[in-house]
Every structure is written in C-alpha cells, then in structure tokens.
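Each structure below appears as structure tokens.
Both complexes shown next keep chain A, but they swap its partner, so chain B is in the first and chain C is in the second.
And then the complex of A and B:
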C-alpha cells in the first residue's frame, strides 16, 4: 500500500508498541477501537489487502494514478514524434503503397511505448516515494507479516501514551503477542 | 467481512409509473411514425443505376435498418444474461445487488430473436435475398468465391441455425431468471444453495454452448452480409460491441433506480464504481478487438479483406468510421478513466450516451454498407458481382427504428424489474455484495 507519509519514517528511534494477530477481522476491529480511543496508530501490516482498513486508518488516496497518466502521455507523445519524424519528415519510405503519415500504422508502437513509460515511471515513483534506493535495506517490522500474521504498530509518546492500557487493548482484541518494536537490522 | 452495522434486507419492488410508461409509448409511436415517413419518402437517385436497380433500394434499407437495430438490442439483452452467467461461474459476489437489473434486461431476448428471425425470413424468401447478397438467385452457383460455401450458406440451414441458437439462449436465460426468482420465494435462508447450484450448473452448460453458437450466429447475421469477406476475430468483436453496450445500459439503469430512491443502502457508490470499471474495461476490450481486426487487414493488404474497409474508410462511410472510434474509444478513455468519473451520475450519463450511440453506429457500419449493395452478374470486369451503392446516410428510417426498439426495450426492461424484488434477498452472496468495497 503506497501511502504518503512525510512526518516520521521507519528508521527513526521512535518507540512503538506492536500487536501481532492471526486474523484480519480482529485486526480491523482492534485498529478501529484504537483509532476511536485516540491512539496514534502508525500503520497496520498485513500479508494481503484487508478491505476497509485503508478507510479506518484514514489513508489518503494515492496520486500514483495521476502520475501514471502523465507517464503514459509522455510515452504516447514520444512514440508519435519518433515515428512521424523518421517515417515522414526525415526519411520517407514507401512500403506497400501505404501513405507516409498514417496513424493506424503507429498504433502498436504508440501503445507499447505508452505502457513501457507508464510501467517504468510507476515503479520509479514507487521506489522514490518509499525511499527504496540501491544499497538500502528495508527494516521489516515483523518478518511474519510476509507470511500469515497481522501487525498493528502504535506510536508511543513519552508521558502521553498509557502503555499498560494499550497492551491491554491489544490483548483483549486477541493479540498473540504484544511487544516493543525491535530494530532487526 | 462483518463489521458494519446490521444490514436491512427488504422486499423492495419497483413501481413502473404511468409517467415513465408514457416515455416508452412516445418513443415507440414516434419511432414507428418516423420510420414509416422515412420509408415512403425515400426515393433514391444515384448516378449510374437503372430504374429497376434503384427500385430495390427502399426494401433493402428497410430490412437493413430493422436488422441492425434488432441485432443491437438483442445483443444488449443477450450479453446481460451472459454477464450473469460469467459472474456466476466466477463465483463473484459483488454483482448480486445489481443482478436483477441484468435479469430484467435479458427479458428483451425473445422479442429481439423474433425480430431477427422475421427480418431474415423476409430477406431470404420474400425479397429474393434482400440484404443478403449470397441469397440472391443464382449468386451461389455463378460466384466461384461463394460456390464452396453452399453447404453452409443456404436458406433453410441458415434459418434452422438462427432458430435453434436463439431459442436455446432464450430458454437458458428464462431458466436462470426463474431460478433466481424462485430463490426469493422458496429458499430457506442465506445458507441454502439449492437455487444457486441449479443456476451454476445451467450457467456452465450455457457458457460452453454459447461460446460456439455465438460465433456462428455472428457469422450468419452480420458477417454474411458481406459474403465474400471473412475475419476470424469478427465474432469477438461483435461480442465486445454487445457487451460494452450491455454494461453501459445496466450502469445507466442502476443510476436511474438509485436516483429514484430505490435500493438505498444496498447498491452503493462502490457498486457504481465497479459497474463503471466494467464499462471502461469492455470499451477498451472493444478497441483492442477493433484494432486487432483492422491492423492485420491493413498490413496484409489482401484484396478480399481490404474490400471491407475500402468503402468504410475512404468511401462514403468515412465519417461514421472515424466517429465510431471517437465515441467508443477516445471519449470513454479520457472521460471515464478517473475514479471520480465512475461515481458521478452526470459524467456517467454523458459517457454512457456516447458509448451507446457509438456502438449503435458500430452495428450500423457492420450491416448497412453490405446490405445496400446490389447483386449483379459475375463477369471478368466485376468478379465479385456487386454494384456498390454509396452511403445513404443515417436517415429517418434508421433513427425511427432505433427509437421504436429503444422504447420497446425500455418498456420490457421496466416491466421486468417489477416482476421480482429489486435485488435477490436470499442469494447466498447478497450480504457480501451489500458490503462491497472497492477501497480508497
């Protein structure tokens, strides 16, 4: 899930409490009640997309699709200019008596180039927004979220957050395990 | 997933008001009137054609416009039931809340099938071939290109195919509707899958049979109008045309129902969004098929194949040809891509109208150029035995029959909606559908 989060990032030393679950429904219910009680839920990590979770967390709609459209139009423009320049302006070639400048002939290359630009552009955007660069290793909050576990991460603010009550909520919701975040790197 | 507040499944019925009925009556009456005026005032004069040849044109145009209008609405109703069949086989849950709209649309199938049968019958027997070039006397014997197709393209076999195929589809559609309506009455609860299973089994059979028979149906009805020409992708192209129109009609009817206060809390913006995605996706699918057919013919440049595109692209039909692409591809692509557009009834209405006009124009382009051509003796100078007639445009006859069929279609669909609850209250997936969520 691509989110636009600028304020805090992963690698900082902010304290977090994690609740580990094995069921998407309970995860969603606990997240909802935490949000209602005003806890600063950092994020919820799930092995697959859970419906409604994005709404509960208040995740804003990603602007990736708008970026994709811009990339597609860039690809389209470059494909059409490349083809019309080479086959009409620069070096006209007669092939099977077809006209030099004819749009139907351009469809396949235009289509492919638009898709190519979109795909590369979107992957590039994804890496940049998530700050995934060469030589950088991501700190996965709990390796089990890549398999079958669900993790709710809540920011703990010194002096403000009641850690005992928070872990009670986690446990009452059916958490398998409640712990502080560990940097696994 | 159960977290939202309790869902109230009501027995909700659609009320077909007199005011709404009047619209259908006006459309039908006006359409019939326009078509008749169009027919009796049509006196073509085309250079190079004799009086006797011109004499054939009004009947050809009448049959042609009846056929393509009937075909258009028959495709819409057939593809509506096919959408249910596909969703049923894919075990889809989201569509259940709008299922009755599709069921009501498929109620038009018998009328569409009868129209096609009557027009084809009149063409073949009463008008010496009518719009079908191959059915004119002596054409199959004297034309070497067609002589080998005699075993397939002959009058009795043609009618038998048409009657059995459409008959079987109409039967399957009515059974699927029946199971769905029985479920509301007889099902013991949401966990009772008796009718779901029945519908599922019939859908599996129907899907397989439909896949094969629809190919032949499209060859017969539209491809054989240009009997010399053939394209292997033409069937899927027809399928895409019908499907895009069917999804658009369903999308618009659902908006109409919601605007009038029906299905509140059952069909939400999420369903509209997904229906809109279908409209968008199938429009792109149509473009893909169109391009695939066109590009191969364009590149290969084989005379028999190019003959189909020559009058459409460079001849008198060129306006319709490009208009087609603008309405069916450019407008939906740019206007309907954004998420907000699919959830907005106003944009939906504009795009929907464009797509429907576009696909009507598409079917017009498939049928009319070939239907208007005259048959003549095969000679060395004219090896295909065809005299091309330039486009007679879209006149009162075409518009009139469109209006007539549109009124009839609306009437049948709205009547169909009153026959059962507006959504299946005991379908096993109804709760999943009501909570459907497409995400942020």
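And then the complex of A and C:
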C-alpha cells in the first residue's frame, strides 16, 4: 500500500485521461504530438517494448549500466581479496611447490564472481527502481495492456488541461476508446 | 513497429495479430491438460522415480555399486555431468549471443531453450553430487572457515573453479530466464481468475507495462546478455580444464576449451531440436517455430559438428607432432583399442552424420531432423565417454591396465536423469508460457491483420538469416 500511495503522490493529481490504441505506430505518433503540444503525458503502457517511445516520453537513460559496472568491480574485488586472503595471508598451503599468491589461477573465480555480482546486483537495482517485488498488487491501468492494447495516460490538471481538445487529439489519432480514470487517494 | 522485408521469409507465419499471439501461446496453459501431456508427464515421472531409486541405493550403499575401479575412477558420472552441462549451453547461446547479434529468429525459441538450460544444469549438478560419493559433505568445495581450523579450499584447483562456474551459471541463467518471464507472467495474470490469478499476480512482481519499466527492462536484458555471453564460454572452458590441466595423456591438451565449447553448442542445439520438433506440433506452435527456425538450427548443428570433428582430427595431429609416445598411444588406442566402437560412434554421430544438413531436404524435414537430433545427443554422450574412459583405462603402469563396465545402477541413474529433465520440462510447458510473447509481438508486422489476411504465407522452409 505504501508504494501505491507514493506513486499516486508522484502523479500529483488524481485524474487522468486515457487513450486506448491497438497499434504501436499510432501510439507513438499521438504521444509525440501530445508532448509537442505540452500535455502532461504521465506514461504509456504497452504489451511490448516500443522503440523510441522512451525517447519521445523523455525518459532519462537508465543508470543501470553504471550500476552494473560498480557491481562487477565489487565482485572482482571480493574475489581477489577472498582468494589472496585465504591462500596467502590466512593459511598458506604448499601444494606441488606452487606459489602461495598465484594470480593466474585466480582469474577464473574472479571472472565468475564478477559476473555473479553484476547479474544479481543489477537485477536487484532493477527491481528497486521499478518498485517490483513478489506479491505486489499493481495499479493496473487496463487489463488489456499486457495483451494487445496500448494506453496513453495523460494527467488532467483542473483549469489547465482542456479535456475536450485532448480527447479530440486522442480520437483523431485513431483511439479505440477514450476514458477518464480517477485514482483513489 | 516492425516491418517485413519482402524478400525474407516472415519470422512468424499465419498473419498473427497481437491477440492471436497471446491466445495461441497461452492455450496449453489455460485449458485442461491434454491426454498427451498426461502421458508424457506420467512416463517422465516414472523415469524420475528410477533416478530417485538408483541414487538412493547408491547413497545408502556407497560408490561400490558403480563399475569404477582404481584405474578408471571417473566414468559414467562425469560423462553424464559433462553431457548435461553441455546441453545446457544452447539456451544461453540462443538467448544471449543471438540477442547481441540481433538475430530475431531467436525470439520464438529462447524461452524453451533457457528452460532447457536450467533443467539440464540441475541434472548435471546431481551427477556432481552423486560423484562425490558423500553428498552430505558436498559443501566442502565452498570456501567456508570450517571446523578443522581455518583450512581453505585450494584455489589452484580447476575443480574448485568448476564449483564457482557452475553455480554462477545456474543462478545467472535462472535470473535471466525469470526476468524474461515477468511480462509474460503479467499477461497470464491479466487473463486468469481465482487462485491462478493470485499465483501469477505474486510472480508478476507488479508488472504494468509502463514505458519507464520497459526502458529499464530493455537495458537490463542487454546487459544480462552481454555478461552471459562470456559466462557461457567460460563455464565450459572451465569444465574442460578439469581434464586439460591434468597430466593424463588424452586429457592434457590445450585445444580442450574451444573444442568443449563447440561441442556444448552442438549438443545443446541437438537437444533444442529434439524438444522443439515435437513441441511445435504438440503445442500447435508451427506458425511460431517455423521450418525456417529448424533450418537455422540445423545449420548451427552442422557448423559446430564440423568444428568438433576438426578438433578430433587436430588432436590426432598434435599427438603425432608432439613426439610424446604416451600421447600418441592414447589416441591410437582410442581409435583402435578395446573401446574402438565408442570412438567410431562419436566420429560417426558428430562429424559425419551432421554433414547431411548440407542438403535442403534434410534441413526442412522435421522427422529427419528429429532422428538427427537424437543421433547428435548420442554422439555427444559418447564423446565424453571416449575422452574420459579411454584415456584412463590405459594407465602409465601396464599392470594397472583394466576395463570399465558400467553397472545397472549407473545405467539407471543415467536413464533416470532424463526423467528428472523431462518431468521439469513437462511442468514448464504446462504452467509457464513456452514462447516469449512480448518479444514475438514486437516482431509481428504492425498491420499484420489487414496486410496478411489476403496472402497468408504458406509454410516454406527458407532461411531466416538470409
């Protein structure tokens, strides 16, 4: 419940106008023209990743790739420290006369742990930034957006947004339906 | 968003709309299980029972129930382990390497191939456990400060590397698979009611299809693919180092890492073909997994089969050229010694048989592809048997020379591991979408319904990669 409330707070408003489409191209075009006309497009919901839509919406490039690098370096450091600590500092064992600090044989485990840390760290960040967790009840905008419908959600600001004009833009763009959505606070 | 080239075969046949994709892929999950599913599942579960019985017997009695002896200390268990790990590699290869190369034909096969990876690695892990003989101390290769003082594992040992490699590979593959599943689980959730809805709702983690989420999702898929690609190559290289870093003639070869990776891709694609040639018919997915997909996979099988064949011949050459008589004897003994038949099964199945895929007919005839995929699986199992047993059974000391004969228990464990694999696979096709719907929708031409209705493409087996 906490996360839902936060999300609604982020919307800054409790009323939205939704345009429902069946085509990713028209969805993209309409979103573009809405952004150009200065409407407060909250989000666009699609059944698959529609390329360029993120750019049109002005979604900032995710910093997950930087996070991946940080996690990879963490993994690398942990692996090197673990191996050198155990086999050089803590309890050196003479095995076949090989050196205690044997960097080349550390490479495979260092590589594997870097990958492991990257994958889990990055996926963890992905869940955190999306506020995703097991058992979450999401605020589904329309049941059909996971099937074959594309929904453009525009925030309606009382006194500022011309709902009729907005609804006309939706319809002229080829919307199958236009409806209002009130988010309960 | 997606447009078709007029000169290429479409990736999905039948002029599907987005809703068609959802309905077709979810049909096996949303309806009552078919009779075929029940038969397959029951048979697999019985075979799984054999695995449980044979493994339990081994654990209760000890490794003496296997045919191992002082000279041949690794045989069926490690053969099966390498066999299953190898099979696992095709899943990551299809989803990660083909994603990096932007090969869109991967999209209808990557989900089941990744599932296959996970189940195959589970089977492989079970052989490591049973091979240890005392599975209750299986945590010993993990670097834990232990009860005997702070005695750590030997990080110079490839066996310890293997523990890290396999466990990393398994967990990263599982995460990659699950991330890919989330949007499709959400699709299932939004069509389900009752308890099914609650379960899929739990697993969907609140997916809502927002553009912001998709943006991050695309990025995370790309990075996961980027790190899984070197991972898949490293894992089988490390598996090969279990052998290559030893001093046993026949194992002590620098060609092993690339040769094992090629073999893994070869056997993995063989198993993917085994599953999909049947699965596409039973699950009525011929329009998604087209003859073009089978064709593309047959080409990969042919290429990698030729690569391992080249490796077999190179090994012979290197042994001859090295001037080391132990090495030379090991290879001559492989091809002409008491286990000559296993060597020639390997050569026949892996190098010679896949050459039939040069012909268009072989690449476009499903029943023939199925037969070939079984041959590939058999060949790759024998490759590991040849490497392990023929290298070991002739010791440096001729008085230790011996033969290895597997016991019934070992056969039962091998046979039973297929039960484990297929039981998991049958559960997978019943409860999760076997094709990545979100990805397939993204490659369907935007106006598919009005554009294709008039001239629905007949199923033709042409290449997808032009």
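One rule holds for everything that comes next: the second predicted complex is superposed on the first by the 159 of 185 C-alpha atoms of A that agree within 3 Å, B and C clash if a C-alpha of one lies under 4 Å from a C-alpha of the other, contacts with A are read in each partner's own complex, and residues count from 1 in each chain.
Just so it is clear, contacts are C-beta pairs under 8 Å (C-beta built on N, C-alpha and C of every residue); 3 or more make two chains touch, one makes a residue touch a chain.
Not measured: the values here are computed from a predicted model.
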Fit or clash - chain C, chain B, common chain A: clash
First, second, both or neither for A:51, with chain B first and chain C second: both
Partner chain(s) touched by A:140 [first = chain B, second = chain C, both, neither]: second
Partner with the higher number of touched chain A residues, chain C or chain B: C
First (chain B), second (chain C), both or neither touched by A:90: second
First, second, both or neither for A:59, with chain B first and chain C second: both
Touching partner for A:108 - first (chain B), second (chain C), both, neither: both
Contacts of A:24 with chain B and chain C, given as first, second, both or neither: both
Contacts of A:32 with chain B and chain C, given as first, second, both or neither: first
First, second, both or neither for A:127, with chain B first and chain C second: second
When the two complexes are fitted on chain A, the stretch of chain B hitting chain C, from 77-85, 95-103 or 293-301: 293-301
Touching both chain B and chain C, residues of chain A: 24-25, 28, 49-51, 54, 59, 65, 98, 105, 108
Chain A residues within the chain C interface of the complex: 22-25, 28, 43-51, 53-54, 57, 59, 62, 64-65, 68, 72, 82-83, 86-87, 90-91, 93, 95, 98, 102, 105-106, 108-109, 111-113, 115-116, 118-120, 122-123, 126-127, 129-141, 143-148
Of all residues in chain C, those that touch chain A in their complex: 1, 17-19, 22, 143, 149-156, 158, 160-161, 164-165, 168, 171-172, 175-176, 179, 182-183, 186-187, 189-191, 201-220, 223-224, 227-228, 230-231, 234, 238, 241, 438-439, 441-442, 446-447
Partner chain B, residues of chain A touching it in the complex: 24-25, 28-29, 32, 49-52, 54-55, 59-61, 65, 69, 96, 98, 104-105, 107-108
Chain A-facing residues of chain B, complex: 1-3, 291, 294-295, 298, 301, 337, 339, 437, 439-440
